[in-house]
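First comes the structure, then the notes that go with it.
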Amino acid sequence: MVQLGGNRYGKAEVRLVHVARGAGASGADLIRDWNVGTSLSGDLADSHLTGSNAKVLPTDSQKNKVYALARELGGDVAPEVFGVELGSFFVSSQEPITRARVSVDEYGWTPVGAAGYSFARAGDLVRTTVVHVDAAAGTTVVSGLKDLVVMNTTASEFWGYPKDRYTTLAETRDRILATSVTAAWRFRPEAVAAGVDWDAAFRAGKSAVLETFAATYTYSLQQMLYAIGSALLDALPAVCEVRLSLPNKHHYLVDLAPFGLANDREVYLAGDRPYGLIEGAVLADDAPEPGIAWD
Amino acid sequence: MVQLGGNRYGKAEVRLVHVARGAGASGADLIRDWNVGTSLSGDLADSHLTGSNAKVLPTDSQKNKVYALARELGGDVAPEVFGVELGSFFVSSQEPITRARVSVDEYGWTPVGAAGYSFARAGDLVRTTVVHVDAAAGTTVVSGLKDLVVMNTTASEFWGYPKDRYTTLAETRDRILATSVTAAWRFRPEAVAAGVDWDAAFRAGKSAVLETFAATYTYSLQQMLYAIGSALLDALPAVCEVRLSLPNKHHYLVDLAPFGLANDREVYLAGDRPYGLIEGAVLADDAPEPGIAWD
Amino acid sequence: MVQLGGNRYGKAEVRLVHVARGAGASGADLIRDWNVGTSLSGDLADSHLTGSNAKVLPTDSQKNKVYALARELGGDVAPEVFGVELGSFFVSSQEPITRARVSVDEYGWTPVGAAGYSFARAGDLVRTTVVHVDAAAGTTVVSGLKDLVVMNTTASEFWGYPKDRYTTLAETRDRILATSVTAAWRFRPEAVAAGVDWDAAFRAGKSAVLETFAATYTYSLQQMLYAIGSALLDALPAVCEVRLSLPNKHHYLVDLAPFGLANDREVYLAGDRPYGLIEGAVLADDAPEPGIAWD
Amino acid sequence: MVQLGGNRYGKAEVRLVHVARGAGASGADLIRDWNVGTSLSGDLADSHLTGSNAKVLPTDSQKNKVYALARELGGDVAPEVFGVELGSFFVSSQEPITRARVSVDEYGWTPVGAAGYSFARAGDLVRTTVVHVDAAAGTTVVSGLKDLVVMNTTASEFWGYPKDRYTTLAETRDRILATSVTAAWRFRPEAVAAGVDWDAAFRAGKSAVLETFAATYTYSLQQMLYAIGSALLDALPAVCEVRLSLPNKHHYLVDLAPFGLANDREVYLAGDRPYGLIEGAVLADDAPEPGIAWD
């Protein structure tokens, strides 16, 4: 009376650092520092039901292919290219596997000094990509960033909201607005097929997020979400949909009146929990259905 | 050319400890230690597009209601009951809000001594629940557990898998199988409507996971996933679907031969990353469509 | 004009799981799940000043010895025994090394079912030990526990404190007292020399902490610290000093009056940061000087 | 038969964001984003032994003073100045308190755009300071940084080490050297008394670490430690001692030979655990005794 539903398996958190020796400006090294995940699905019921592994390419082999593919592709390769190649490899080489999901988180490094081989971790954000390769549905690419923490010390208000029996929050015409941006943008199928300058797209996306955050006067974080989403669609013509998750990193103005002190937007308590959380999507009017892109 | 897509907002990680004084055996206190999240959706485009907050009940008010509702419901209340009540409150009291999602993580405490007011954190798992209340689609309840770390020191094999060019893994007829179980079970709509003994269901679910893990000889973690899912469906007649995520917490037998030592299944290295990750669903044959339950 | 000061080096976080097959009751397996660190010091100036590694036993070799020693000692060995053996090995076999520090964190596992090979992570605390072996100063052993989270839902007051210009805290005759106990107990040199039943000592120490926490009515967390320290000295005659670190895990009674609700010690907010932090030592009157024991 | 030993208490992790409005270049805001800890000691035996709180200034009052002092000092204040003022306040205003320890972690923010009020978290390191104010021993200041992750993709060798029975590591003439720098520098008492340009000192210290890391060809991480320590003493004449903790973030060259691929210093696995850990101090020849500075 019981059936197997959707399922997939793979290797998570394969840590790969690829040094492209001398590939940078003036012969400097370039670093690709990645955390790669693979996840395969297809005709895999046997392994669940009978214990037969005849169709289960080991996750260890998947990990080995991650390292080998980095070498095979060589040099300074965008994570999106890597994801498409890796996913295609699994789907094309393993008969039972009809779909592969590849995720790559990329950590940034900043050159230090002139030696060309010294770097410091940037630490300001993580670049992300998730690629699906499906034997029938084709290839999807969703890229983006996470852990980009930004703050406006002013230019934000919050008022005019409904007050129910449980509302005690005071309206404000000036507050700190801070968040940790998680943004993911889905590329149009025709752009994926034609090829994209993925690194340039990432730089443009990151700039759009930062510039929009700085330039937008807000009455809510929802407004910021929509502004960033729209800006990303504007900056990235190859993109048809953006999804954003914006925690409201509350900064509470500390009441110093008990100590005889004014506090005119100066001293804040940075709260941990709870926090507001705003999630939403912004799409081009002609965005095609996402299909498996966000799985 | 741009449109707003799906969106929701709310308060995350509201930390609530409810002491039910004297409500336990022999007049002991009972503790409900929760991490609550709320997420509302509905007619909220204005806040994104115009900055009007006229329909945006503050997340601070949502947080206040969490604490107030705990007091209003009183005593020793299951997280599922709390979630249904809280979600219904938002949907019924805020006209623009047509759907609420409430999540509750519950941390366990073990009584210490006979005083009735001393406890130690159990630390062995987190009980979870996610409730959706939708004005049109009704109410869904998905409960479960996470962070339940288990190990079989034997009774697991892994062999007979395909070997491709990148396969170096040796087959084994005996290995440690360890995982951190994340399991979520969806209750049937009619059971949600009729009411469930949620605490008893959780205890039965936890027991089913533990007993099945101990009793199942495996040739793959996929097999364990299916066994646990089936056992949960068997133990919980009110449940129609189970979703599981099982990381393979690899334990590598250390090669001590270079030191002139045998190592007959004795000394292992517990690896961090990478790890295998097996995800899947097991459903009753007559499981209705999930609709919004897993959103 | 510059000199090298104190220094040491070693391998941190060597993850070792030792399965003692059939060594438990009724032939069940026993698990020792450890996180081991080594740190060596001695005549090591050359490596800092000249780059010569002639006296630097690789940290990789140290790691290898951790795994090999587990096999050499066999079976179900206490972490203190392991630490003494490992430290002595380095000091006796590497001429430039005059001191070794070995730390072992032990994670607990609870048997599941009757199979004898199934376990669940206990998760309630971590057992700790730090051993120093010094060619001149001898051997010291400090053991203890950390991450033991406990709560009294009542039997705690806080009042009668000085009020300065910055004091706004209200006195209370009833509060929740919760903390995460870190306790470390130093064994007397003669006990270390004579040998100790380390596992029994740990069990007695853990019990003393839990029982004292439950049995002590407090006016401050300092009082609890002293009570636990004294109880540990009482329970463990082989111990001469206890050091404790007790964060005050604040639980704030939520003000529900704005919502027309009383809140008689029922609904609390569990705070994250900031937290009080109480640190202190309790010693036997005849405790010898600690020397290097706490380094 | 039992006595109270050393003890202290205070408030940990007070999160303070101070916005100095218009205090920066071109009228931009400046941000000081801090995590502050206080710890007081003195005549506090009563609270441990009798439960009397007559000498225990609440940790809540300490927290309040943190926020109030930020306002009282105003503007763009270095964490060292803040620490000295805060410590002095407690010692001078609370008769039983004879020593205060104040720690400040500072998180960096980078201006975004030209608005003057938008910032992004730098994320590349944390600036640290620990101040002790003691009624008898005076004031000490130790500053530094942590979480500065750096990598040399070459210019590092490791060979010539002793080989014992447990040594399997191959010598290498070229490896990646990566670490996460924790450095703390102790200021000379006379410099503390005379005053220091603390922000300039931090910038100089950070530069010294980065430049030395990039410029130093190493045969061991110990050598790097000494080079960085020496460079810091050279760059900071007001400093008499540096303490460093350098985890060896191992990058293992992946063996691709089984797949018919060469791997000439190109594809690496970034390991998590275990890791080497090198700790050491470098002192000026005339460094005075540290006293309480490192407590």
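Read from first to last, the chains carry the letters A, B, C and D; within each, the first residue is number 1.
As a convention for this text, a residue touches a chain if its C-beta (ideal position, glycine included) is under 8 Å from a C-beta of that chain, and two chains touch if they have at least 3 such contacts.
For clarity, every value in this text was computed on a predicted model and none was experimentally measured.
Under the contact definition stated at the top, the chains bordering both subunit A and subunit C are B, D. Repeating the A-D interface with over half of its contact pairs identical by residue number, the matching pair from A-C, C-D or B-C is B-C.
Because subunit C and subunit D carry the same sequence, their contact can be compared by residue number, and over half of the numbers here are used by both.
Centroids built from CA atoms put subunit C at 31 Å from subunit B.
Averaging Cα coordinates per chain places subunit A and subunit B 24 Å apart.
We define each chain's centre as the mean of its Cα atoms; on that basis subunit B and subunit D are separated by 38 Å. Taken residue by residue, subunit D touches two or more other chains at 15, 64, 68, 166, 168, 258-259, 272-273, whereas all remaining positions touch fewer. Taken as a contact graph, with one node per protein chain and an edge wherever two chains touch, the assembly is complete, since every chain touches every other chain. Against subunit D, in their complex, subunit C makes its touches with residues 1-15, 37, 39, 44, 47-49, 51-61, 63-65, 68, 93-94, 158-164, 166-169, 218-223, 225-226, 229-230, 233, 241, 243, 247-248, 273-286.
Residues of subunit B that touch subunit C in their complex: 15-21, 29, 31, 33, 64, 67-68, 70-72, 109-110, 112-113, 115, 117-125, 147-155, 176, 210-211, 213-215, 251, 254, 256, 258-259, 261-263, 265-272. Listed in rising order, the residues of subunit A touching subunit C in the complex are 165-166, 168, 258-259, 272-273.
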